[in-house]
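Quick notes on the structure that follows.
We just call them A, B, C, D, E and F in the order they show up, numbering each chain from 1.
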Amino acid sequence: MPYVNIRITRDGATAEQKAALIKGVTELLRDTLGKNPATTVVTIDEVDTDNWGIGGESVTARRKAGK
Amino acid sequence: MPYVNIRITRDGATAEQKAALIKGVTELLRDTLGKNPATTVVTIDEVDTDNWGIGGESVTARRKAGK
Amino acid sequence: MPYVNIRITRDGATAEQKAALIKGVTELLRDTLGKNPATTVVTIDEVDTDNWGIGGESVTARRKAGK
Amino acid sequence: MPYVNIRITRDGATAEQKAALIKGVTELLRDTLGKNPATTVVTIDEVDTDNWGIGGESVTARRKAGK
Amino acid sequence: MPYVNIRITRDGATAEQKAALIKGVTELLRDTLGKNPATTVVTIDEVDTDNWGIGGESVTARRKAGK
Amino acid sequence: MPYVNIRITRDGATAEQKAALIKGVTELLRDTLGKNPATTVVTIDEVDTDNWGIGGESVTARRKAGK
């Protein structure tokens, strides 16, 4: 019964891409650790680029600067 | 000073229902562990059904399939 | 299929107390929002008092100071 | 490569304020623990006041009551 | 620069199994969403079975009952 | 009443260093957003290097390889 939280920047991931993530990580936990897919829970958080920082800067600022 | 994070699918929970959750979990921590309600913090995250998976599928897909 | 994470300071909560928390919060979600207990997941994190701060101080320091 | 998650109520924090938070916490981790800013990740979650509770009440209710 | 948190019960996962999880989820994010592996961060939390509940019971209690 | 969670690798951070982190991040939230230190909560999670991955590898493996 694992719980997985995936956080990505909000960049227009489609429902199909998110379904593929859910399916893929559930299968990975089954194949790697024998975890039961029926009770594996996955949540995906899409975070605005103003609210995500790396290297001391927001992703919004980094993209404006061409990083 | 506990911190509780409750994650549910975004399905139209009302402000009254969310207030009841906050009150209930705060009282539970007081009654079970003697925690001080004044410093008990509760946050509720409502997650889109495309972004919540169980059994390797999104909740959106499961509901369409009648699961 | 809610997911609840409860964070408390590590202060010797017993298995019985933690079981009561798990039961209580699961029932609260059923009674408040109609959530299915079978797929409600609860995790409890016990955090060392050196690693928990409030008011700008660790809980360890606050207790030493009689706060 | 620290990961920091900052949760605040949704109260109109500006992009500039959030950038200052990201910069500040990244520098704090460098100065306190020698962590490399290049791989320090910060995310900010802004939570509706209906979804944030303290003292057993939502922040919405507390503000209405003048607390 | 995704951030992934995987929570599992503490059941003796080996360093090799955890390395396979880290590698697998990083590749999944690259293949599904084009995310850069170099800045994909994964953390794994192993939670005691007394501290993990499902169906209103701790995993410890469920295993004793043969569930 | 912000809540901040700081996750770092378990590398022997001292109680003094963790107290400095708690104090620093609480002051940063006061200075940047006017948040009340009295209700600012900070938790620090120290994660084993086997359980922390970046670039598709655990930190344990990266250090062995001299990265």
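Methods note: a contact is a pair of C-beta atoms (placed from the backbone, for glycine too) under 8 Å apart; a residue touches a chain by one contact, two chains touch by 3 or more.
Predicted model, so just to flag it, every value in this text is computed and none were measured.
Homomeric contact chain B/chain D: same residue numbering on both sides for under half of the interface positions. On superposing C-alpha atoms, the copy chain C sits rotated by 120° relative to chain E, to the nearest 5.
Look at where the CA atoms of chain B average out and do the same for chain F: the two points lie 25 Å apart. In whole angstrom, the spacing between the mean C-alpha positions of chain A and chain F is 21. Look at where the CA atoms of chain A average out and do the same for chain E: the two points lie 14 Å apart. Looking at chain F, residues 1, 3, 7, 39, 41, 43, 52, 54 sit in touch with two or more other chains.
Pairwise chain contacts in this structure: A-B, A-C, A-D, A-E, B-C, B-D, B-F, C-E, C-F, D-E, D-F, E-F.
On the side of chain B, the complex with chain C involves touching residues 1-9, 13, 17, 20-21, 24-25, 28-29, 31-33, 35, 39, 52, 54, 59.
Interface of chain C with chain F (complex): residues 7, 47, 50-58, 60-61. Looking at the complex, you find that chain C touches chain E at residues 15, 18-19, 21-23, 26-27, 37-46.
By the touch criterion stated above, chain B contacts chain F in their complex at residues 1, 3, 39, 41, 43.
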